[in-house]
Amino acid sequence: MSDITQAMIEKALQTTAETVLRNEHYFSDLDGLAGDGDFGTSLASGFKAMNREWDEIDKSSIGTMLLKISMICSKHVGGSSGPIWGTGFMKAAMPTRGKTEITLAEAAELLQSAIDGIMARGGAKRGDKTLLDALFPVQEAMAAHSAAGDTASALKDAAAAADAAVDETRSLRAGRGRASQVGERSTNTPDPGIVAIATILQDWCKAFGVESAPTAEEVKKAIA
Amino acid sequence: MSDITQAMIEKALQTTAETVLRNEHYFSDLDGLAGDGDFGTSLASGFKAMNREWDEIDKSSIGTMLLKISMICSKHVGGSSGPIWGTGFMKAAMPTRGKTEITLAEAAELLQSAIDGIMARGGAKRGDKTLLDALFPVQEAMAAHSAAGDTASALKDAAAAADAAVDETRSLRAGRGRASQVGERSTNTPDPGIVAIATILQDWCKAFGVESAPTAEEVKKAIA
Amino acid sequence: MKKFVNDPEQFVPEFMAGVVAANPDLLEAIPEFQLIKRKNVDASKVAIVQGSGSGHEPAHVMAVGPGMLTAACQGPVFAAPPVDACYETIKSVATDAGVLVLVNNYQGDRMAWDMACEMAEADGVTLKQFWINDDVAVQDSLYTVGRRGVAGNFFVLKACGAAAEAGADLDAVYAIADKVNSNVRTMGLALTSCIPPAKGTPIFDIGDDEMEVGVGIHGEPGRERAKIKPADEIVEMLFDAVANDLPYNSGDRVALMINGLGGTPPAELYVLYNKAAQLCADRGLTIARNYVGEYCTAIEMAGCSLTLLKLDDELEKLLAAPATTACRIF
Amino acid sequence: MKKFVNDPEQFVPEFMAGVVAANPDLLEAIPEFQLIKRKNVDASKVAIVQGSGSGHEPAHVMAVGPGMLTAACQGPVFAAPPVDACYETIKSVATDAGVLVLVNNYQGDRMAWDMACEMAEADGVTLKQFWINDDVAVQDSLYTVGRRGVAGNFFVLKACGAAAEAGADLDAVYAIADKVNSNVRTMGLALTSCIPPAKGTPIFDIGDDEMEVGVGIHGEPGRERAKIKPADEIVEMLFDAVANDLPYNSGDRVALMINGLGGTPPAELYVLYNKAAQLCADRGLTIARNYVGEYCTAIEMAGCSLTLLKLDDELEKLLAAPATTACRIF
């Protein structure tokens, strides 16, 4: 892999939908620990709608496609996830209008712009125990590989970084989102948003034939 | 034992209170099978009130004492049991006004008059699977011993007859009371009123040192 | 036991004290007899009294107020009130116009009120007794005490309360009770049991995938124990049992009630209402008035009942008349 | 799952269809956006809108009606509505007098409504936003999104609804929201969890002898998990937490609400009210108005919340003003 084609992004989106639908209940259960147990369902309703409307989505460029997915989030995704994912896709859509292929460096920039949008929308920063804590290291892994342009290695490192974030943030106290309103009691539970990003990247690795380390969850299941 | 003294009746009443309070939950659980699960509590509230007021109860005769207990039922016992037991005590009180001792024959008559009162109050007849199905054979056992005047033998036979009624009526369909409103579904459960009468008589046997057969329940518990 | 309760034996007195404390201008209590009555009883109007076991709130003590009951007493949870309580309830509001004793048809309640009525009549009180029996779940038979009274009770007392308020005499108010009762049918269904505070344990066992069809409001068994079904199929079952009983025919104007048994949240009741309204339309019934909420509960049982009342102009007007009770929103 | 439900994904649309079917003269729905609005919106008056996840009924869509909300939308159970639904809700009732967006303080709801308000303002709608945050269970802090909004919401919208109905302008209605919110405090407590239909399993585990003190209305954890206590001690705990927070002082006139979280029967709520009223008296608080019932639920959770609102003449008048919603008794 070198440059990132629109076809690859389409495949990544479809893989994401599979991941989210397969893990709907698992993600909701995680959200039940310090939140309100709807994260999986909320996200799934968005990706179900994406699947339903897939054939009609304007795929003339990466940007039009991502914009449409942002609109699907606004229409179908409830909870915090609607504004967060909707904003993320919106910000990623802007710089890719008219493009059908992007470089790894551009992808890293586009993710940074999504991160900035999410921070502006919800006021969270790194360390607040939200999915941003997974997106930041993913972005950094991509940026680190930008010069070499090796997308496969970037993806592998990004997935490992996201996975590491699950455990690194577990003991944190949530600073934003519903979990932040429970104070100390959000510590020692993994954040579902971080788990979701890690799981999605793991599945991207599989979908693109990139070898990756098993997720912390997979290791735990294998041991148990 | 020959004639029945007021002291014996006082002892019987206090024994009854013990029986009812000890079996409060058991009787209610039985009532839950085809009824509404309050029989034990209802009866217990009456006998708790009797215990509370025991010292103040006018004991100048058997009749004044039973009348006061009837009034306690009217004031404190809810559910069908209030009118049924209240009526029973009332009818037993009338022929014993002024008396401090009665013969076994008089006791049998007095029970018949209580039975008649209960039938008039609730419209039940023998075979309707109510406590009348225990009171009838008890009354007959007492009447059978009237001539000989052997109160101990009468009590022993009465207790056995009441105990037998529990199993004999188990398969019947209730014809009166709340259980009758559930149709076929009242079959194959023992009637709590019948069980209560049988248990009370069993305890009377113990209290008066009269040997008696173990109750069906006791046999079952011993086997289990 | 997962309940808000202090001493279980004080549960009923405490909740009744709360009801009166929350409605000091409307109600007063006689705690000794667990009875609640209206303040300022109008001696020229028929008084309407009711009473049964507790655990059916807002029935019955919370249905006391102008245009509704004049007084009500409650026994322990699920047990008819003691005879003396019934007697005092009648006496506390006995007016020159007389008293209508309006009681759900359970043997315990009937016996207690029968005795109380005999005592009150001996005291010179003019009264009539009426037994409400709207539950179609268990069949009526000469050999039993007849059908049970359940949520249809609300319609009987609402109509009678309005008629009494408007000045109808005892015979006329009795005739209203009879008319409503003859035209109202209910069937209930339980998803879970309930826990009477004094008992501390569920009144019956029920599997995670089971429902009790035709349950009584004291948790008595109904028609059958069945596997749980989707909401729409449950409504069809209840609707058919109810609508075929009278029967209710195309062209009838009806009141439709979806009553929650205590543990079922409002949203679920509206899911049921949505289907029931469709079934009424399918059968050609016009819903002139509807009622969705808790009117006659079985403590915290998850479940519902469906009630239909066939209306005429007189009943429609009586149901629409204003009324005030302890049970209110604003 | 012991619930009345068909397809869990259709639960919210079906219950909302039921609410509108039961109130055809009062309400209309735009099902695509899961929103319910008043029929005949008066363009000269401030419109008040609200919206959040479902499962809190009668909040919020069942609080639409004259003297209350002008429109409300609901997301899936416990999830903020999608942005588009919020936007359409504002647009559907945008009046010349402007729109007050009155939302409980949860990050999901805030983000959705923020985006919707930006879009509506870009369309030329005049609006103001206000966040309700009455829950004292979890501390306010600069590092979190602040306190949660719970049952106190009822008082904010009731007072604002009455003010708007009386013709107050947008700034004045906003000022009322601010005044009520500044003077209202709530804390909740759960005995059981609840089951969102789409999840199908309880939202948290809780032992048979445990209670969650300070629970959120979505089952979020509160202050602590503790052993269950007698009702009076529970009320003391909630009352102290609430009353010390503002604080409420001797001589204050207050509104007192005992709110059921969905699975707690009325009688238990009145046991709680009885004690809470005593505690008010002990502290020298005069209860000018009281509310006992279900105002803001967590589906079928067994539990309660206690709310105090400090009143002045203006607020007392606004609370007493007439109002009509889908939630009614007669």
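By letter and in written order, the chains are A, B, C and D; residue numbering begins at 1 in each of them.
The rule is simple: contacts are C-beta pairs under 8 Å (C-beta built on N, C-alpha and C of every residue); 3 or more make two chains touch, one makes a residue touch a chain.
Which protein is which chain? UniProt says C, D = Dihydroxyacetone kinase subunit DhaK.
Computed from a predicted model, the values in this text were never measured in an experiment.
Student: Quick one: which chain's Cα centre is the longest way from subunit A's?
Tutor: B
Student: Once you find the CA centre of subunit A and the CA centre of subunit C, what distance in Å lies between them?
Tutor: Taking the average C-alpha coordinate of subunit A and of subunit C, the gap between them is 55 Å.
Student: Can you check how far apart subunit C and subunit D are, centre to centre, with Cα atoms defining each centre and the answer in Å?
Tutor: Chain centroid spacing, subunit C to subunit D, equals 29 Å.
Student: Centre to centre, by mean C-alpha position, how many angstrom separate subunit B and subunit C?
Tutor: Each chain reduced to its C-alpha mean, subunit B and subunit C end up 32 Å apart.
Student: Can you list the residues of subunit C that touch 2 or more other chains?
Tutor: none
Student: Specify the contact topology among the chains shown, as one of line, ring, star, complete or other.
Tutor: Contact map by chain: line.
Student: Which pairs of chains touch each other in this structure?
Tutor: Result of the pairwise touch check is A-D, B-C, C-D.
Student: In their shared complex, at which residues does subunit B touch subunit C?
Tutor: On the subunit B side, the touching residues are 25, 28-29, 32, 34-38, 41-42, 45, 73-84, 86-87, 121-123, 174-178, 180-183, 185.
Student: Name, in rising order, each residue of subunit D that touches subunit A in their complex.
Tutor: Residues 9, 53, 75-84, 106-108, 111-112, 114-115, 138-139, 143-148, 196, 198-199, 201, 203-204, 216, 218-222.
Student: Where on subunit C does subunit D make contact in their complex?
Tutor: 2-7, 11-12, 14-19, 21-22, 54-55, 57-58, 62, 158, 191-192, 208, 228, 230-232, 234, 262-274, 277, 290-294, 297, 299-300, 302, 304, 319, 322-323, 325, 327-330
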